[in-house]
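You will see two complexes here that share chain A, one where it goes with chain B and one where it goes with chain C.
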Partner chain A sequence: MNNVYLPITVDHIARVEGKGGVEILVSDDGVKEVRLNIIEGPRFFEAITLGKKLDEALAVYPRICSFCSAAHKLTAVEAAEKAIGFTPREEIQALREVLYIGDMIESHALHLYLLVLPDYVGYSNPLKMVDEHKKEIGIALDLKNLGSWMIDELGSRAIHQENAVLGGFGKLPGKATLELMKKRLQETLPKAEYTFELFSKLEQYGEVEGPITHLAVKPRNDVYGIYGDYISASDGNEFPSEAYREHIKEFVVEHSFAKHSHYHGKPFMVGAISRVVNHADKLYGKAKELYEAHKDLLRPTNPFANNLAQALELVYFTERAIDLIDEALAKWPIRPRDEVEIKDGFGVSTTEAPRGILVYALEVRDGKVAYADIITPTAFNLAMMEQHVRMMAEKHYNDDPERLKYLAEMVVRAYDPCISCSVHVARL
Partner chain B sequence: MRTLILALGNELMKDDGIGLKAGRILAEKGYDVLEVGTDIFRLSNHYSGEDRLIIIDAILSDELEPGSVLHLAGEEVFEKLKAEIRSAHFMGAIDGLKLLMKLDERLAKAEIHLIGVVAKEIDLGMELSEEVERALPEVIRLVEELY
Partner chain C sequence: MENGKVRIGFYALTSCYGCQLQFAMMDEILQLLPHAEIVCWYMIERNSYEEEPVDIAFIEGSVSTEEEVELVKKIRENAKIVVAVGSCAVHGGVQSWEKDKPLEELWKTVYGDGKVKFEPKMAEPVSKYIKVDYNIYGCPPEKKDFLYAIGTFLVGSWPEDIDYPVCLECRLNGYPCVLIEKGEPCLGPITRAGCDARCPNYGIACIGCRGAIGYDVAWFDSLARVFKEKGLTKEEILERMKIFNAHNPKLEEMVEKIFQEVKE
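Then we have the complex of A and B:
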């Protein structure tokens, strides 16, 4: 009979958004089981918005996540607008995308510098590395502050924005603010480029190299971006957003409060690397040049490439936001909002949140939410993430357990999972 | 001496909203208040060299009664409080503040005060517990004395 040893466990994966754990069970034959124990709560939000008036429900959805509240808000608003048969004007759509990009810049900067980089420079947290890496921490905060300022200006506040509303925006910032935003984006671009250069030199662990199916929203107008009405898969398949349930199946696993998802019966990946794998041909500007020069590092076969893909996106989205602001300024003055008629209907919005595809499906009846389905990128990624932790464990189960724990955590961190919302208090 | 009040916390989590609620009362009275919420890094976007920072936040304690108000100053703030990190993207406020102090010399020299209120309940909900609600006037009085 084979011996089964005590599990190697990480109760709380450090430096990820929220709480999750890893459990690796090893026997004489090798790795028996790998479990990602993760708790996520968006399903409460679906249930509590049923029967609520549409605008009230739209105020609730961004509460799913304090960190990606702009992504949740904008995706929910688009699903609602599709349900009632409304399409925003081009300039409103451009400014919504700028707001979304604020979320993207803030999220990528914090993930890369405060969560990932400490692993590579040998520190357990950013506070310990600040003395030796002041420049990097300074850049992280500059990028983060730019992103959160963009969200403040266009979304009305940093967290749980109320300014994106059915039909457009509650109010718009002035022309001078948008011009200042453009200037700050231009000034910050070299910091985004520095980030790409820095992350292009970091190791991507070959232990987890292997085939991955990547899914990403197909951006509108053939320009790399956030909004789209079709999902592209790296197996060559493409399907309309409304058909997501036909291609992606969610299922319950015993060890996780969050459901896992399979695409055509197999785990799959979403996120920055999945966007790059599916749509690099739609990049332009400096990011396109960087992609061409470093595409050997942006491999579809390695989840660690997600870190470099996020760095590439910091460059891309900084430039893209400048162009989108120009598009809006060309039509200035802009009416912030059009009147909308709340009709019955069903709408699905799929957008690219910082961590990958975010799905909102809403049905509106008599002005109220009759059906809601929300799937977050982390939920999509869980099955694939577990598979990659297993690959890492299979190579290192004979090593020092602390080393295995560290490598397993690094795999999870490369996915940039967003596990729960935040509350912070101080303990005396 | 210029002073900035930092209102910390999450108003969706019952007593964790005490800092924000006190901050809004002080802002209405005309004091300079920054709503930091759960993201201490917002300070770096708004800090303009103030010499004194007064942080208002909920704290947890097994020893003190819910609603007790505590005033810590200088090194005491960092020595006595262990920030609990529930969201790694937004570091705990105390660690986040330390990090910002390492990046900004003006902040490193600033006088730091913390007015903490011992929470009774940190759970989903917008309302404060009776004990913490009753502490509000004391929090306002202490901040106004320091300002």
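Then we have the complex of A and C:
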């Protein structure tokens, strides 16, 4: 007799961005099925922006997600600029990257300290850690405040930036603000290094050890970073961003408002660890040293390494932002915006959002959006995430269900999923 | 209240989680903790209980699935004060932009023939289903909006609503007028203030993220006339005003009126 037992479920996974659950079906033969239920409602971003004026659509896209709204804004703006045949000046590009880095620092700090760390120190809620882990909470707030202040200054506000526009910026901060930004980045660097040290000591569960295919945007100019026009895979393959549909296939699954994706027929991973795995040779500075010393922990075969890879990036991007600000200051004074002519065309932008590859493909006709395709990192990751939760479940389905739920949630949290992003974006 | 602590719940419907993020990112939240007990807040608390009674329920997001209709009703039953937080909860959010298109059409554009086991519906504001006691506006709300509302509740008083437009704050700050001086379609004149004219400060036209001013003082018609004189079509005006006001019952008829006026 082959019994099927009540599913082990977490209806609403806490401490992730968005609303999703895990369902593990167990029978006498072991784990039958694992499903990540994505239950947040659809928002149809591609559909609602069709036929809309380009600037209005660009104001709406960042509303897909709060944790990475700057990533959405800047990727959408780049796709639109490629479509209309405009290339921003180098100094504008550098400052946009600083804005993007602000998002990266804020997002990584929030994820690592507020969402992940409580599991490792035995708290259900990061705010309860204040008394016992005062130092960590202090560092988390400092990093988060630095990131959100950078976004605020360059983007007009910490969530849903309106200041990044076609042709450049609405307004730029003064030279003194950029100097202050450099100073604050320098002061915060030791806190980023402390974060790396802290996370290098946390367990990376062996249950989910195994081969993973990683995809990441190949950074421009051979410097580890955010923008790029090619996607590289850890299997050695490389293809231009515009060809993403030839290599990555999306499909609808019935338990999720977010679609799943396969690369050459198989699940794959994107995110900080994928960037590190594919492009560690392009790191420099302190991050390069840390990488060399801890390669074994930043390995390609375990999703938990994503947490440490984010900590490594806190160090890297803090240093990188300082250099980018210097590049911009060398060209001071900077005109914030160039006139753009809204011509017809098609453009694809691929960038590295905090959680991995973000794709925007936009077609512009008569000043309006004629086609929009957006694929977010979490949508890319869902299939792989399910596979890793399954690996965890196969080792623990006979244990206390509460223990299994906890471990399954930790796997999901290591991916830093952004469920709001994943729902409602993706077009056939 | 138990042990003198206010019981708080923060619930998410369909949204970007930005309102909660804004709330969670306030350093002042640490000062709130000794006075509050977080009963439900999935974004930061693993031990969250959706069906427990609370003093104040903050709801973010639009009602976009049948499950969320049931959830808001349960929250109302269990809460003394219900606060709708942010443009999605208060006005249905940007996902309501095409609310007049059939849901099937939007679904097909994004999901093709794919099916899921949950029941989606067109986004709607929370107040469509339950009584809302107070609104916090914005996409996202300003941190001071949260501080003001919570601070006022904690001292046992009631926060006041804002009934004047972004223009007022913009004039007080002395920013160049985006509408008149730059000629861009700024929605400042009809949009609820409280952001300190954030976007006009950057030389960027307001897109109305805090929603239209209430109390029937959002003069869509006057602004539509100005936009019309600048050469915008009725459709363009409606589309822009609808980004954050798709569910406003007055919007269409007031804009329509301007296009029926006889040319002088």
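As a convention for this text, the second predicted complex is superposed on the first by the 415 of 428 C-alpha atoms of A that agree within 3 Å, B and C clash if a C-alpha of one lies under 4 Å from a C-alpha of the other, contacts with A are read in each partner's own complex, and residues count from 1 in each chain.
Criterion: contacts are C-beta pairs under 8 Å (C-beta built on N, C-alpha and C of every residue); 3 or more make two chains touch, one makes a residue touch a chain.
Keep in mind that this is a model prediction, so the values were computed, not measured.
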item	value
First, second, both or neither for A:64, with chain B first and chain C second	second
Chain B versus chain C as contact partner of A:149, first or second or both or neither	first
Which superposed partner A:134 touches (first chain B, second chain C, both, neither)	first
In the superposition, chain B vs chain C on chain A residues touched	C
Which superposed partner A:162 touches (first chain B, second chain C, both, neither)	second
Contacts of A:259 with chain B and chain C, given as first, second, both or neither	second
Chain B versus chain C as contact partner of A:171, first or second or both or neither	second
Touched partner set for A:114, first chain B, second chain C, both or neither	both
First, second, both or neither for A:53, with chain B first and chain C second	second
Residues of chain A contacting chain B in one complex and chain C in the other	14-19, 63, 66-67, 110, 114-115, 125-127, 130, 141, 144-145, 148, 158-159, 420, 423-428
Chain A contact footprint on chain C (complex, rising order)	12-19, 21-22, 24-25, 27, 29-30, 33, 38, 41-48, 50, 62, 64-65, 67-68, 93-95, 97-98, 101, 105-107, 109-112, 114-118, 120-121, 123, 139-140, 198-199, 201-204, 207, 209, 236, 239-240, 243
List of chain A residues in touch with chain B within their complex	14-19, 63, 66-67, 107, 110-111, 114-115, 125-127, 130-131, 134, 137-138, 141, 144-145, 148-149, 158-159, 420-428
Chain A - residues contacting chain C, complex	12-19, 39-50, 52-53, 56, 59-60, 63-67, 69, 110, 114-115, 118, 124-127, 130, 141, 144-145, 148, 156-160, 162-163, 165, 169-171, 251-257, 259, 409, 420, 423-428
Chain B - residues contacting chain A, complex	8-10, 12-13, 16, 37-39, 41-42, 44-45, 57-61, 63-64, 70, 80-95, 98-100, 102-103, 114, 116, 118-119, 122
